[in-house]
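Paired with chain B in one complex and with chain C in the other, chain A is shared by the two complexes that follow.
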Partner chain A sequence: MNNNLKFITGLTPTKLSVNTAAQKNASHVLDTTELPTTRTEAWKYTRVAKIGKIDFKNEASTVTSIDDKKVIDSPHTLVFVNGRFSKELSADTFPAGVSVKPLSTLDGISTQEEFEGDIFGALNLAYLNDGLHITIEKKAVVEEPIQVIHILKGEAQLSNFKVQIDAEDFSKATVVQGFFSDDASNSFVNYTSDIQVGVNTHFTIEKIQDEEAGNFHIGTDSVSQGKDSTFTINTITLNGSLVRNNLNIDVIGENCTTNLNCGYLLKEKQHVDNHTVVDHRVPNCNSNELYKGVMDENSTAVFNGKVFVRQDAQKINAFQSNRNVLLSDNATVNSKPELEIYADDVKCSHGSTTGQLDDDAIYYLRARGLSKSAAVQLLVSAFIAEVIAEVGNEDVKTYIYKRLNERFGWDINPEDFG
Partner chain B sequence: MITIKNLHANIEDKAILKGLNLEVKAGEVHAIMGPNGAGKSTLASILAGKEDYEITEGSVSFDGEDLLEMETEDRAREGLFLAFQYPVEIPGVSNINFLRTAINEKREHLGEDPISAKDFMALVREKSKLVELDAKLASRSVNEGFSGGEKKRNEIFQMAMLEPKLAILDETDSGLDIDALRIVANGVNTLKSDNNATIVITHYQRLLDYIVPDFVHVLYDGRIVKSGPKELALELEEKGYDWIKEELVEA
Partner chain C sequence: MATYTEDDLAKDLEGKEYEFGFTTDIESDKAPKGLNEDIIRFISAKKEEPEWMLEFRLDAYRTWLEMTEPEWAHVRYDKPDFQDITYYAAPKQSKKYESWDDVDPEMKETMSKLGISMEEQKRLTGVAVDFVMDSVSVATSFKAKLKELGIIFCSFSEAVQEYPELVQKYMGTVVPKQDNFYAALNSAVFTDGSFCYIPKGVRCPMELSTYFRINESGTGQFERTLVVADKGSYVSYLEGCTAPQRDENQLHAAVVELIALDDAEIKYSTVQNWFPGDKEGKGGVFNFVTKRGMCHTNSKISWTQVETGSAVTWKYPSCVLKGDNSIGEFYSVAVTNNFQQADTGTKMIHIGKNTKSTIISKGISAGQSQNSYRGLVQIHKNAENARNFSQCDSLLMTDRCGAHTFPYIECKNSTAKIEHEATTSKIGEDQIFYCLQRGIDEEKAISLIVNGYAKEVLNQLPMEFAVEAQKLLTISLEGSVG
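== the complex of A and B ==
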């Protein structure tokens, strides 16, 4: 086994019935690949060497309650601790048209078989602890969200966790994902998903990332969209020392809409890296990416957004925007929106801005009687509200505003911003 | 209400105000006129508390307190208001909501209870009517996409909402057509009382037909070089500022 991967020598390979071809490929990647360094293009601004120095374990653990580790109150909540399914804390009834099965209960788990050198994807599969398979049945319109909670617990734990979602044709549903931790440090959740969005299907993910400082989160959502479908993911990153989110969206059917919205609100030495790939293979589709960050203290953020428009994918509208506000001189952002367009009849734009709050605006508000901190809070709230407004579920919004108050002392009245 | 004594101020080592004296009492309206670059906006900014200036000499007392030692927001809460020559646009921040915050911060500072939602909305209705500001504009993002005239009316709307003791209007008339000018002047005149005072900075005598000043001062090269009754404005309009320059040379 590769020397660079001694961080996983303490782990036991997966016992789940993952298909053998995938398992073989995953082992091969792990045997032949080193941890990425900043010389690796896709990891240029994100150092994972720290992860390589930890001697990870993967121990079963329990939490007594999820009272302060949930995004919303939902009777359809599923809980995982260190990647393992917690039957006691999880619901067993679901809305009509929804079936949910832990991966550990399945006889065969089919996944992608190629990893293209993606060490974390290979790691996830080869050491997969558990996860979920959610099916939204054909034509099911599910109003109540399904909530999936993952909790990291303990010292130097590595959780390999996967969510598979099959949103069948003409269905509509929302999954709320909450990533938390409980007394964890130096622990690492390595998450993947396989999401199939069927024909004429509306599927939404509201993802909250709120692990404690001192922990790592690397996740890859792989989505494939059938024709006439809408896929939306709203990611709000509130905490965690190192967070890397990969979103890979294959738009394989015509007339699709893809919405990727993300807000990250960082302080201390937090590092958040968002990599998105939207692959427009067919004509007549729209994709919208809105990534906004508020960065305080010594935090760093990376945005790398790729949009491919293949040769025959005419009439594509692809918009991408990454905007950052720096609240401290020590915060930094590396932003790289990329468009690769091989079709000629398309409307694409990308933009990236990073700057301080407008001093003239702060002075103006103070000259009307607002304290400096109230002025800053108002400007920051106005800035980030645009992303939060995209969150469709009111209870998720309430959670976000509550946490912004706890972490930053921002007392935001959501009604002021919509 | 405000007493400015021998005020000297620099920006980036360049002297802008060079010994400015001015006293304004409650119930009075003072006009400050002067050529471009004389230092009128600089004076207004220093009074409002903009931090880019270095005060090298002099003092400003506002209701007996040392104004220059006060934070910008405390000056506002104590009743000083500047209608900006160039109001900033603040995308995403609702005009109304920020004004509610401003009013409540002022009230808290003065030891009063916050304004009720009902009273606040009544106040918005009353004051937006006074300056004929469309209620929709009043609740949009601060100045975003407003025309020049709308921005100026919004400044007077905010002034009406905050009911300051001392209002400083920095070229509020520039760029306004005669209708807008009348509306703005009417707003200012309606708010005028024995307990408050107004400093009107302007380029043009025209405004002073509508807001009649008790005193007119000429600010030239960082100092008040001439003061007189409202007729002085007409004289300036007629003769221009060269006449003042010549007088200065003779003196």
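== the complex of A and C ==
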């Protein structure tokens, strides 16, 4: 019995038909692995001990409307509450070439079988509530985005939620993910994904994280990219007390492009931890990472980016950039951009900066009649706009600026930033 | 003439055998192999140490017993068997040397092979050399001249005898004996090293240098260096290493502590050329070193290192910027070849206000070697206006070597400015093409580019050292430089 995860005894094990080998491994990991501490390298800057102290339940719940809990107005929206599919709130028609099935309706779920000590991955599988399987058919070009909304509801609820996406060869699609909460506190969404990007496929995820303060979010996206494909993920973290995003990108086909962009604006006691691994196993690929954050009050941001270039994976261009602005003396930034390179004909670089707003710039704006707060708002929003500009969908962009205006009392007109 | 390409250079690098592989046959006064409290008592008694020193060693040993060997570094090696090492080996001496003429001629020979003949040194260079051979200082020159200024520069064991109050006051204050596995081991069994004290307001008129040398087969070398620069003083300290060719792995676990009191400045330069192992990756020195400096108000510590040797290097010269307005610098060139592995970098701990640090690290990997930069920049909450600039570049010479960067950047103050950038690439074909266009042949072009690449660091070395450093660095280019 695991000493760290006492709440497990109060949970209902998954009713989904996950393959037995994976389940066996998951329960083995849960039995034998302790919650990571700051002595574990991957969790050096993030404490998760408090998760072990909460008496989580994984109960179903309902919400009546998602009017204020959606990123875009899309007829192709799928809603999950505490990890369970909400049929009433979800669409049942999808664009041509797209088929969507809740995991609970599948006969068997195929997923990774090894967890390598990943306790949250094992927890997710062993107690999986539900999830989604999206197939983008071969050669399908889907212009309208598919929206997946997850809502966390209630006190001390644990939602184990999984998204599987199979973007088949020569297809193109965008998925908008929104993580929200409704009257939730001390609740925890433990999310995983398995994403297959096929040959010559363009696949984009726009991810918005907006759970209320007092809740936890740990998510792992596992992506595998086939030949000539492009994968883009834009993550914007707007709220949530403890947010941990793991992005594991396996580039297994040549001539791939990988774009990872992320913006985070933190205040209060927020803690946001972004871990990325881009594993270049084959030659002739590009990867770009842009992580920008603004930290105010007592917030903490962590960035740990790792780029692997395997032996013989020549002609790789890998760029990694992490830029942070600290607005308060109680805010903390921990940045760890890593390169591990075993091939010589590569161009790889990373940059990390931490600083504050330029006094001269603030003075310049104030000299032109802007109040100090207006000057700060302008500089901060311009700083973060570089990441938001990467978001491809205009409606998503509008939503992000709307939420930033609400949360930080700004009055930004999204059109100012194009 | 056939063009000289990177492939040829890589071949040359592989074929390059260790230059200083010779051994001297001097009868050793050895302790039995193995490590236990009796051995430590033996070392301590042998060195006629006072009680507090023995206590320090035993305390460190007991801590060490409870520690486990660290595994986080990006290196692979067969762990040394700590019971299979001779912890004390001193060249046999029937009596202390009265004058230079009394010194064993064979030892003189060794020194001249190393190019540091004492006479030469004395007459020509004005460099005082504290020559450490298998852990015991044999000859120290220029002592008198330094003494006039009140500068103390002697072997560590001499300092323990002559200046116990200074040693007691500063030893273990920067690198505590329980700091890490190898620092604890060193604290328990260190045999000798150097001690340097610069009094208030004195500017040391010459570069102080120590040559370390591992000689006895199977002897681990555990050096301890302590440099104290009192208020307003300045010292430039040089350290160079060569080791003879041996087949079994030798362990070198040194501790270097620097203390720069208010307004003082210490410049510490290292050229490290321990035996790196042969082409098959057999043999070579394990270099597990703990180096750290403590900066008080308005002081400055500057580390410069040229790392070309050792089979496994594990070394992070660090600065604790405790005082306001203090400055830490780290300049490093690390060259790895064949099966060498290096995991090296620095730590800059900003505690005081207006502290500044600069990190310039240049890695060159060839053969099948692995070269890692691992660094920490930490800005504490009260370190107002702290400033850091880090640049870590890696050059890859073959498609079988690796270059890695693991920077840790931790900031808890909003007035700090931290910049870190790293690049990894090989010599660009366009760079070589540019040189060729201007009539510089390929082999010269490669030499030019590699030298230019490392220039920023080599420029930091004192004159006396720059020559040796360049020689070591361009060893890899031999046969290509016309």
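We adopt the following convention: the second predicted complex is superposed on the first by the 418 of 418 C-alpha atoms of A that agree within 3 Å, B and C clash if a C-alpha of one lies under 4 Å from a C-alpha of the other, contacts with A are read in each partner's own complex, and residues count from 1 in each chain.
The rule we apply is simple: contacts are C-beta pairs under 8 Å (C-beta built on N, C-alpha and C of every residue); 3 or more make two chains touch, one makes a residue touch a chain.
Quick caveat: nothing in here was measured; it's all calculated off a predicted structure.
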Exercise. Quick one: chain B and chain C on chain A, clash or fit?
Worked result: fit
Exercise. Centred on chain A, what angle do chain B and chain C make, from Cα centres, as a multiple of 10°?
Worked result: 70
Exercise. Is A:326 touching the first partner chain B, the second partner chain C, both, or neither of them?
Worked result: second
Exercise. Which holds for A:243: it touches chain B only (first), chain C only (second), both, or neither?
Worked result: neither
For this session: Would you mind checking which one, chain B or chain C, touches more residues on chain A?
Result: C
For this session: Considering only the touch criterion stated at the top, classify A:358 as touching first (chain B), second (chain C), both, or neither.
Result: first
For this session: Based on the superposed arrangement, let me know which partner A:385 touches: chain B (first), chain C (second), both, or neither?
Result: first
Exercise. So, does A:400 touch the first partner chain B, the second partner chain C, both, or neither?
Worked result: neither
Exercise. Taking the superposed arrangement, what is the smallest distance in Å from a C-alpha atom of chain B to one of chain C?
Worked result: 15
Seminar exercise, completed: On chain A, the footprints of chain B and chain C overlap at residues none
Exercise. Chain C touches which residues of chain A in the complex?
Worked result: 41, 45, 311-312, 314, 324, 326-329, 331-356
For this session: Spell out the part of chain A that touches chain B in their complex, as residue ranges.
Result: 358, 360-361, 363-372, 374, 378-379, 382-383, 385-386, 413, 416-417
Exercise. In their complex, what parts of chain C are in touch with chain A?
Worked result: 72, 74, 379, 381, 394, 396-426
Exercise. For chain B, which residues count as touching chain A in their complex?
Worked result: 48-51, 71-73, 75-77, 82, 84, 87-88, 90-94, 97-99, 101-103, 105-106, 109, 141-142, 158, 162
